[in-house]
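Here chain A shows up in two complexes: once beside chain B, once beside chain C.
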Partner chain A sequence: MSPHNVYSRADWPQIPGVRTRRRRFQGDLYELSCDVVVVGSGAGGAVIAAELAEGGLDVVVLEEGGYYATEDFNADVTEALANLYRDGGAQMALGTPPVTFAEGRCVGGSTVINGGMTWRTPEHVIRRWREDHGVHDFDAHALLPHFERVEGFLSAKTQDPESIGRDNALLKEGADALGYETVSNIRNQLHCPGSNNCAFGCPTGAKQSTLLTYLPRALHFGARILTHCRVDGILRQRKQVQGVEGSLADPSGKTRRFRVHAKETVIACGAVQSPNLLLRAGLRSPSGKIGHGLTLHPNTKVVALFDEDVEGWKGVHQAYQVREFEGDGFVMAAVNIPPSLVAMTLPYYGRDMIELLDQYNQTVIGGVLIEDTTTGRVRSVAGLPVTTYQITEEDRHRIVRGTAILCEVLFAAGAKRIVLPFAGVPDLLSMADVQRLRETDVPKAAMEVVTVHIMGTLAMGDDPTRHVCDSYGRVYDYAGLTVADASLFPTPIGVNPMETIMTLATRCAIHLLDRFAVPAGV
Partner chain B sequence: MGVQNLDAPTNHGLASARYLELGEKSKAELEAIFRRGTKPDPTALQGWEFRGRNVAWWAKRSPILKFVKGFYQDAAGQTWGYNIPQRQNGLEQPWLAKPSDEDPKRFGFYLVADVDPASKDNVHLDALLLDYGRGRNPLLDASKVLRDYLVRVDPDSDDLLLGKAYLALGPSRVPSNFFLLERHRPTSWVR
Partner chain C sequence: MREFELPARLQATVRALVPVVCTEEARRMGIVDEVARGVERFLGTLPAHLQKGILAGLWTLEFTPLADPRNLGRSFSRLSPERAQRAFDLWWRLPGPTHQLVRALKMFVSFAFYEHPKVRERIGYDPEAYLAQMRRKRIEQHHEVIAQHAEKVVTPDPVRRLPVAEARS
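Then we have the complex of A and B:
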């Protein structure tokens, strides 16, 4: 049962204000008008929708995925991948190595399937964006009220101690033994019991995704959320953007078209889909940079086997981060992954694979997140995004070094064997083997790299010749078009991006409200 | 809101060093300044004349290297503007109107407007449009094809402006050249 004002594809004819235009050969066309249409309901879209609705604007949120509530979430990974993830979670940035990435596609977007880490934008990143990219009103003082507002809605805080699982405790023990700095993760959660299902929808309602925070707030202030709406075009008269159009896949198999006319259009469908939408709609930037500047925090993971029963599925998804090497461009964490997904990525088969999975209870899965030094690109080919990304030599070295240090941490915690994400490199069996890894020239092609942080393809800044959007997300050279998602990042940020996305969306909303209140004129 | 400093020195009709320096910049450099420029405040232009110079290879020996643009407000509050021809006595010399400073010729009138993104004249959304096509010029006046876009050189000042001229040839808008404006002298003239 969907809440009031959440409409599925079958509801369109009954949505208040919808006009149905009968067309003889093309099927019915649904049309709807509003002040602001927001494409996407994740960290960016939900926040800007709620802020604008609270500001008194008539807001329509379009979401390509479906609406799933807390009671729909469980440990069925296959079902979650199909319902909550775009392309079953198996998207890929082409390059050597290819980088597998995942995006949410459901009401709430990636906030429904992320780990919930809620970090403010690091100081050095704020400074870099202000000084190197000319982002206006962007310093710790100006951002503080936005951070605090976001954190208030998300109930951002550290975990209750009893929810921290043994896998995370082991990571911290290893880091402590080596004298490395760790921090307790701040997460968007209310007394999370540690059911460790964050990536497949929180079944307890503890994780404060936008599904439970900003979107109900948007609905409270009159916004409408329309699900199963695939936006494929931008309505405009020359440079005046006037809304979006797209299609509804009718369960009966018919495809119906819709148009939402709006005074302001907000694109917030992530750093891959947002540039793709602009490109396929034929928009051009004075900078020529639509789709450029993709960064993605490449991640590698190791599987460490311990003698003790770790039972990594018990306890919170991530409780700590090892921050000792943040200045060197990487952080580390313990992240439990369900056995089906672990099996998919292990470099073994047959009996060896069975033996490894038989020890799943004794497994700690650790990950390294790299702040990348290069950028990729999103192109639109036949309306679909094609993502390319090539890691640099510097990042290759960072990946090997970061992985080696993570292995040292896990050995210090008592690991007996570590399976590496590097094809052809034997498992490590002791601390002494880590030195062997450090000396190994691991080719890029041998690396298994994944990510869930996609950023920076419609960068913001003060220079229309370098940036696609201004400091408040407005797309240069178009009127009535704003971007409010991770596409805006001019550079990677080195930490989980959710709070930064939400903070930027809050700024964009305030700026938009100002513009609605004060019409321009000569 | 731009700053309109009525007590600001007008340099006695002489161009400032910065103005002269900007005029020596390359087309690419001016394009970069123009792209970063912000929209002037039309109320800060009203009641003022600005000394202007065209920046183009062909302008150096042309009779329109130096010119003056003036701005005024009509009874309805709309901002309009006009041009005044100048003696071409070199950029280091004062701007002197033709036929005289006391009774200058005014021509090439234009409407000052925000850029309408949905119109044909929408090349630079963050600029102020000087639309000669709506300037109530004579029917066959050649200036009717001009469309000028104006931005501030400095974000908070309306004293120094950079313009980019286009020719409206049918549905096409053909870029012509950059020009510079610097606050020159107050005026009470209204058409």
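Then we have the complex of A and C:
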């Protein structure tokens, strides 16, 4: 059952303040007014909604997905893909190779399905955004209270030691043996017991996603959350934005439209959907950069077989990161995934696949995350986002080098065989084979690349001719329109982006509250 | 979850694919039909344009064997297991779109196979029991801290400036 003030598509006529307009040929139109409408309930939307509601504003949050609580989460991957992911997690950035990416589509957004890594924006990124992009009031000192506030609500800390599984221990052992620096991951968790189901909704309630933190806070301060609302238009009079409109995803097939009128509109539906919404609504930026600057931290995975029982699904998802090569643009981690997803990505079928997965409990899945050096783009075609992204030569080398080093770490930990994410490149059977991989010219087309970090398509900065948004997320050239998600990133950040998104959303909220506090006409 | 159903002919194609991708083990375990249903369930999570593409791919796989005289006019779903295996192996080795097609189909079938409870049990993967145990353990050991944090997330910030509330009051 949904909490108080969370309304589904069936509730619309009964939502307080909703006016229903009967239309003979177009179906019913529902209309609602509020101070602020927030599109999206993930890391950006939930935070800004809670902060604005606490500040006394009447806030309505629109979410395209449904509401699912902790009790609804389990290990049924198909069910999770259907309920919690946009397009079953099968979205793709077109290019060579195509990059498969996943976004959340449920109340709580991607915070419900992410791995829970909670890292502050790295110092060099803060400096780069301030110096190269002119982001105002943006230094470690100014950001500290925001980081601390976010971390407090998220209960950001390292894992209880007993929750760390053997796969992570092996990764650390391998890195230690080679003298590589590892760090304990800081995660948004409260006594996480290590159930390793983060990507399909935390069934223990330990992961402190926005579903358990900022959204209850927003509701407590009077915000309303409306589910199954697909926003497809922005209401405006010339340059003054006045709310949004869209349709209710109705299982009966009946189309019902809604309009939410608001003094301020906040777009926080992620770095693919946010630019798509602005583009399909016909908004233009003086910079011409709406949808430009997409970065996505390409990552690859290897499957390493050990002689011992690992049971990587018993223990926390990513207890450590190997940070030795952060300066070279990549980090590594152990990232257990269920056998169904391992099987999907293996370059084998038939007997080879069965024999390999018979040893699923002896595998460690390792991943490399690359800080990319190029950008892609999101275009809007017939109302749908089309994402393009082309890996550069530099990133191709980073991927091969990062994967080779990850293999060295896993062999140092005792791996006997490693299956690579490169089609046509044979499995590695020893440390000596890693050298062979380093010397192999792996073509881009042979790479299996995925990501869950989509960033930077409505970049913020102080120059309206280079950036789409100002330092506080307000869209240049339009009044009443703010962006509060990873679209704002002017560059990639090289680490998991959740805390940075939340920190930016906190800043945006404070700025908006200050503006609302100024009496009209002043 | 949306219900998605393949046309009957393509259901047969998927049933014929299951032992090819997952070996005769699928038949021995008596789960071919359920895995095929699992493929439909997975396809139901995908957007309509991808579903259409996959349907086109399945039709292609189903009817292409008709062009090979050695198949005696049989489509994929009616081939003997050996001939189905040979056809799939050939497509897998070919470069370009044919490889991409059978690779995509292999992904869906292998996914559904390893989602099946009997297969999970066979490889010693029993997450539900483990999740239930972890859920209980966390509550038993940390219920006080959990309650305190739930209270904290809805507690107003005592030192926070609330400009709108102040202005309105």
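Here is the rule we use: the second predicted complex is superposed on the first by the 518 of 522 C-alpha atoms of A that agree within 3 Å, B and C clash if a C-alpha of one lies under 4 Å from a C-alpha of the other, contacts with A are read in each partner's own complex, and residues count from 1 in each chain.
One rule holds in what follows: a residue touches a chain if its C-beta (ideal position, glycine included) is under 8 Å from a C-beta of that chain, and two chains touch if they have at least 3 such contacts.
What you see is a predicted model; the values in this text were computed from it and never measured.
After superposition onto chain A, the modelled positions of chain B and chain C are compatible, with room for both.
Once the two structures are superposed, chain B and chain C can be ranked by residues of chain A touched, with C on top.
In the superposition on chain A, A:A479 contacts chain B only, with no contact to chain C. After overlaying the two complexes on the shared chain, residue contacts for A:S430 are found with neither chain B nor chain C.
Once chain A of one complex is fitted onto chain A of the other, the partner contacts of A:K239 are limited to chain B, with no touch recorded for chain C. Once chain A of one complex is fitted onto chain A of the other, the partner contacts of A:T255 are absent, as it touches neither chain B nor chain C.
Contacts of A:N74 after superposition on the shared chain: chain C is touched, whereas chain B is not. Legend: residue contacts after superposition of the two complexes on their common chain; A:T465 is shown touching chain B, with no touch to chain C. Look at A:E54: by the touch rule set out above, it reaches chain C but stays clear of chain B. When the two complexes are laid on top of each other via chain A, the two nearest Cα atoms from chain B and chain C are 19 angstrom apart. Judged by the document's definition of touching, no chain A residue lies at the interface with chain B and also at the interface with chain C. Chain A makes touch with chain C in their complex at residues 54-57, 74-79, 81-83, 85, 87-90, 152-153, 155, 190-195, 197, 203-206, 208, 212-214, 216-217, 220-221, 311, 313-314, 338-346, 349-351, 353-354, 357-358, 360-361, 513-514, 516-517, 519. Against chain A, in their complex, chain C makes its touches with residues 1-2, 20-23, 25, 38, 41-42, 44-47, 50, 85, 88, 92, 106-108, 110-115, 119-120, 123-125, 127-128, 130-131, 134-135, 137-138, 141-142, 145-146, 149-150, 152-154, 156-157, 160, 162-168. By the touch criterion given at the top, residues 237-240, 286, 462-465, 476-480, 520-522 of chain A touch chain B in their complex. Listing the residues of chain B that touch chain A in their complex gives 31-32, 35-36, 42, 78-79, 112-114, 116-120, 122, 124-126, 128.
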